[in-house]
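Here you go, one structure.
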């Protein structure tokens, strides 16, 4: 395979790069080692569109955050992913915390974050957010902070990229990269790819990828994963708070947040643990205990016992000693671009990093011309957001829309079948879940799981050995009960 | 030899001690316990339920059972026989699908219906 | 908007819904509609292929599908209409229903409604089991569906958490299909299943039962795709994990049978008040919810252990709904029952003395196993009835009957279980 540019990694950064590049006349291949996009950090984070007051002024991070926030807001109607500008409070009560909050406020102004204000006493704070811990007496209010489904944003960007000519190859692990004079040759599990440019967006593995083109690994960087564990709580708690509630940040990060989700649940987490590896997304007794106890500082009456529907964890890709994103052409290997160390606010920054990458390419002398017929590939609207007439007309078109498969989240067979035939198809039970919400609800797929399994089997003509829960080889069933059918 | 059993007749769940030679039962609180203890060491019997693949139907499987309890030691032999068999729709509850399974004099019968496709 | 009108609409065609339809029909209601989301009636019974159903109702031991089949036959003798493959998506206090099926969006209106939607299983998240999040962790009900309806085995080496009857029966079922069940693990110091199932599902196959243990970690294989090891630990009286008591099982599957929760999304939409103890609707003795003309029965009201009781409750709801349709609402004062010592809950929660004909049953569960105890009915602070019991366990639902004559002048009613 020959192409102009290869993007390695189809997380939020990879798909943002693909989305932006697909607006131009350049041949792009997007590869990922997993069977779907958004399979690592992108699918397990807080799902926040940050305001932009956190990053230090004049950093790339600050710039990308503020711009990314603006782009996501403007994209959400064009691409139809779930997004809500809820606003956020950064809360505190001690003098020390007030001082940090004041600093954030000033930093935000310097970063040109719109809609910031201070709530300076208990009354003001609790008027805005009545269910907060009664001790909270001070807060920074960030009007432009929002919530989003991270994988929906990634899917919408990736679908659009593919619809505009980007080729996506899944299960494509890059194993070796050879540098020739004016091209790279990538050896992958899906064969050789020849490319003039490489965009390294491999997230937690971006150090390994960079090392493939370096003669001396010490010229590169090292990704250190920091794990965060979460509680996803039932929808009956979804409106306990109406904004994202951050605690005063510390050296350990942004702390445990309490936030509504775009799907109507309540999210609590994360902790920050170095006791992890890149692939380790387990939850731990201690980690979960910490999240529960830390959350009390924000909202002290959450009943985790009766409302929890899922725990999950994700790893943030950090680089020790670097408090900014690395977004640049390698100084050692021309035409190799790193987009690395993308910790929070990486999700927010993604779309801005996409745009920034174009300016990097142009700066290096590549001439890019815009396509004339660029199209936005909209995500379908969930049934639960449609009115009766809209549902009725869908059912009239195809009666499969009248067969409800996921009863918790109200997802029809028609929507599931559509997701299996998208431009980047769902091929697994969790792939269907990320695209349709089937299995996201309080029964966590114990009702719809077997039904989605059958739909995947029939639509894709799969053998039961190749129907997975999520990652490749994560088999759902092990055999037929009555021998081979 | 004595065998220790839990009586299954009521939630009390008496711990029974049954002498397999003299067939005397200790630990029971009622006569049902004694009867259970003796039958469980002399000729324990079990119902077996399973499924069979059904052809020519929208259904993949039809559920089945032994028409009455079989000897406990025959459970896996009966399952083996059930697993060998495929049946064709239409099937009605009570239809005999295997007669005299493992020469037990007991039949395997359908416990659900399967309509023809 | 055009609404299809019926005297009685029953949401759910499992054992509760069918029984309710039959009894309402018998009580003279002709225009009855059952709305069922599956393609056949019978609900969860269709995948419960083991025997042991119907001992009370039919005086014989039936399998789940047979029990459902008996009721479906009875239903066929009536003119009750069934709308299958149809999902009710909303219900309001005016008894308006929206339901989706392959024909479109249907709007219906009932003079009375019976809720019979059943319950769902608690999942891994509900009990926050830590560890790797990979394939191979599945609820017993989903495993049963794969095994008994679709014909797939979910694992070869299995650990089961939860020793209720569903957990025990699934252990036997998977064993008979060729899986090896390594352990059944129970957080309580006692099993929550019937002795019969302990003997015939575990002991018969030498499956060990670990009491006072729970799953403390799940470990994935190298590729992070599937369960490879389940670690259990002992728990203290407060169900906290005791360190250094780990036992490890190499297995590919963890099956969860950790409780059921009534499925009350529609009830909440209709503004029906729920009892936090049962997680079902708060009802009076005629099974009417806090919304006039809407009744509830079966597992959506309270999680039952015997389907026979589900059917009985369905029948009672059917009769009450029929009376309501014929006579309208008779406003009468109710007395809220007090949940006494050692009880988890009472259902119904309210008694309206004027509506009690001869007597009315009150169902409850105890919080912990109790030997040699008595159930007291206390009215106006006086014990009016005391029933001796040799043993009561939480997994076995109990009931007492409150007779009409006891209710004369009653101001408060309490039920308790105390040690003798």
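Order of writing sets the chain letters: A, B and C. Residues in each chain are counted from 1.
Here, contacts are C-beta pairs under 8 Å (C-beta built on N, C-alpha and C of every residue); 3 or more make two chains touch, one makes a residue touch a chain.
It should be emphasised that the depicted structure is a prediction, and the values quoted were computed from it without experimental measurement.
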Exercise for review: Could you compare the number of C-beta pairs in contact for A-C with that for A-B and name the larger?
Suggested key: A-C
Revision key, fill the gap. By Cα-centroid distance to the whole-protein Cα centroid, the innermost chain is C
Point to revise | Chain at maximum distance from chain B, centres defined as averaged CA atoms | key: A
Exercise for review: Please report how many Å separate the Cα centroid of chain B from that of chain C, as a whole number.
Suggested key: 26
Point to revise | Geometric centre distance via CA averages, chain C-chain A, whole Å | key: 38
Exercise for review: Determine the centre-to-centre distance between chain A and chain B, using the mean Cα coordinates as centres, and give it in whole Å.
Suggested key: 53
Practice item. Can you tell me which residues of chain A touch two or more of the remaining chains? Key: 481-482, 485
Review point. Could you say which residues in chain B touch two or more other chains, in rising order?
Key: 51, 53, 61
Study note, to complete from the structure: Each of the following residues of chain C touches two or more other chains, namely 147, 149-151, 177
**Study point:** chain B-facing residues of chain C, complex
**Key:** 46, 49-51, 61-63, 65-66, 69, 147-151, 176-177, 194-196, 198-200, 203-204, 390-393, 396
Review point. Which part of chain B faces chain A closely enough to touch in the complex?
Key: 51-53, 61, 83
Check your understanding: Which part of chain C faces chain A closely enough to touch in the complex?
Key -> 37, 85, 87, 89, 98, 100-105, 107, 120-121, 123-126, 128, 130-135, 138-139, 141-142, 145-147, 149-156, 177-178, 216, 218-220, 223-226, 241, 252, 265, 268
Review point. What residues of chain A sit close enough to touch chain C in their complex?
Key: 231-232, 236, 279-285, 287-288, 304, 308-313, 388-389, 391-392, 395-396, 399-400, 402-404, 407-408, 410, 412, 442-447, 449-450, 453-454, 464, 468-482, 485
Point to revise | In the complex with chain B, residue positions of chain A that touch it | key: 481-483, 485
